[in-house]
Amino acid sequence: MAKRLLPTLNRVLIEKIVPPSKTSGGILLPEKLNKLNSGKVVAVGPGARDRDGKLIPVSVKEGDTVLLPEYGGATVNLGEKEYHLYRDDDILGTLHD
Amino acid sequence: MAKRLLPTLNRVLIEKIVPPSKTSGGILLPEKLNKLNSGKVVAVGPGARDRDGKLIPVSVKEGDTVLLPEYGGATVNLGEKEYHLYRDDDILGTLHD
Amino acid sequence: MAKRLLPTLNRVLIEKIVPPSKTSGGILLPEKLNKLNSGKVVAVGPGARDRDGKLIPVSVKEGDTVLLPEYGGATVNLGEKEYHLYRDDDILGTLHD
Amino acid sequence: MAKRLLPTLNRVLIEKIVPPSKTSGGILLPEKLNKLNSGKVVAVGPGARDRDGKLIPVSVKEGDTVLLPEYGGATVNLGEKEYHLYRDDDILGTLHD
Amino acid sequence: MAKRLLPTLNRVLIEKIVPPSKTSGGILLPEKLNKLNSGKVVAVGPGARDRDGKLIPVSVKEGDTVLLPEYGGATVNLGEKEYHLYRDDDILGTLHD
Amino acid sequence: MAKRLLPTLNRVLIEKIVPPSKTSGGILLPEKLNKLNSGKVVAVGPGARDRDGKLIPVSVKEGDTVLLPEYGGATVNLGEKEYHLYRDDDILGTLHD
Amino acid sequence: MAKRLLPTLNRVLIEKIVPPSKTSGGILLPEKLNKLNSGKVVAVGPGARDRDGKLIPVSVKEGDTVLLPEYGGATVNLGEKEYHLYRDDDILGTLHD
């Protein structure tokens, strides 16, 4: 049975986006187009605390598509799915069409 | 005779959850499902102090099921049971059904 | 399909300027003149947060031509173009004619 | 002649508790039960100073039984007894029956 | 075509002073007299930001002759001239006749 | 001619106490009793400055007998005597009979 | 022509005192008496800035005789004389007869 994870502090739970290696028509895509390391935000923590104990809200929100750094992040297996935990400030940006 | 430990600062005393390797019906579970490194919060400290000496309360509470980092934590034997001490900010998140 | 990236915090998205190796008249330029590591600012984040959680605005803006450090920066491929992400305080200066 | 030590800052003077290796009836105890690294607080310093120069009181007090980290602490010989000095924040918790 | 560089933060653009190896009368100068690592300030940034986001002005100004540290600084080629970028606090002092 | 040293900041000038290796009656003392690394405070600095530039007074005073760490401290020869300089927060405690 | 150096921040310009190896009567002095690493303060900077941008004045002044650390300091040649630059907080104390 899959459990739900609520991240602590400024941690962000990410489901990585596996880029399609073929187009919908079956044509193989060149590797360069697949290289973007991105993911979907599944859950965010309440934020880190500043030096006065106040919460600094996380800069991304559930549902955002984000650009991830090449290294870092902790792998978490919930049920049969693999997720990754990143600190908010390790997320490089949000991706938009 | 078992002693009771009250953690200092933002330390959290954890009893690790040993995942069942078989279902209740005796079927062996695949290793992937067992890999979640989780524990039950047994006791929490009063919190770390911010730069003005005020206590920052710990973000988890007794009874919470938490996701733990792969490394870190200090092993503590109280009576015949093994516990682990983590800093509050090393706990990755809380787990819910 | 190319995606648009909105950088987080004080990150700056840069498109590097490839210096021409020949003049418009076809004369080869000496290598020394080509060595300036510069780029065009494509997008900037909202700024890093100071110790009170307030945003410190980024010191460069979209369209600026900037001098980049020799090392550092993360490569990002969006569509068929290569971009680079730098922290605002790693940018050495702005270039003007 | 034994001297008395008043620790500075947030230092805590500890007399380690040597666990009995036999019960009072003479039965050898298994090693696991002996492993708890604990001590008695003999003296505490006035506390460390925060960034405004105010004293942050030490979180343990004379007479407390405390759980100590596996490593660290400075050995001090006063008279014929061996003591250990720890920083307040290195003490893992207080032990209660 | 030479570009003009406006340094960011507390960066200072320096044109190094090459000490004459002969006097104006053609006499070779001993090496010891040449060893002073100095430069002319060409441009200064607006200053670094303190923890409240306020600018701390740079301590040297355009036209100052400054003593530079033996190591450090980034080389920048603008047009056909070589310049060096230093952080304000790496500059050792100002030189006066 | 011996000079007098006024330490800067939170530095403390110490004259180490060489423990007697014999009692006044000539009996050799066991080495364990000699091991205490202690000294007499000869002079103290005005204190370190906190982040607002205010002086934080040194916690020991001239004439105190102090317990010193096993390592650290700078040796200073004034006249024919050897002294040691320690930072106030490296002093482990004050010793009292 | 000798230049004058005004140190930046909390830097202090020092002319080292070379201890006489003989008395004025020509008697060789034992090495121990010569070992004191001291200097004369030639110029001081305006002070480092605290976190609010205010200047923290330097704790030594022109003309002071100071005790220097065994290592550190940058050598500066002005005219034919050798000087040394130290940070104010690296100076161990002031020496008085």
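Remarks
For clarity, chains are labelled A, B, C, D, E, F and G in written order, and residue numbers in each chain start from 1.
The criterion applied here is as follows: a residue touches a chain if its C-beta (ideal position, glycine included) is under 8 Å from a C-beta of that chain, and two chains touch if they have at least 3 such contacts.
Predicted model only: the values in this text are computed from it and were never measured.
Counting hops only between chains that touch, subunit A reaches subunit F in a minimum of 3. In whole angstrom, the spacing between the mean C-alpha positions of subunit B and subunit C is 44.
The distance from the centre of subunit F to the centre of subunit G, with each centre set as the mean of the Cα atoms, comes to 25 Å.
Among the residues of subunit G, those in touch with two or more other chains are 51-52.
With the ring opened at subunit B and read toward subunit D, the chains come in the order B, D, F, G, E, C, A. Remark: subunit G residues 32-33, 35-36, 50-52, 54, 56, 59-60, 67, 69-70, 88-89, 91-97 touch subunit F in the complex.
By the touch criterion stated above, subunit B contacts subunit D in their complex at residues 1, 3-9, 11, 13, 45-46, 49, 51-53, 74, 76-80, 85.
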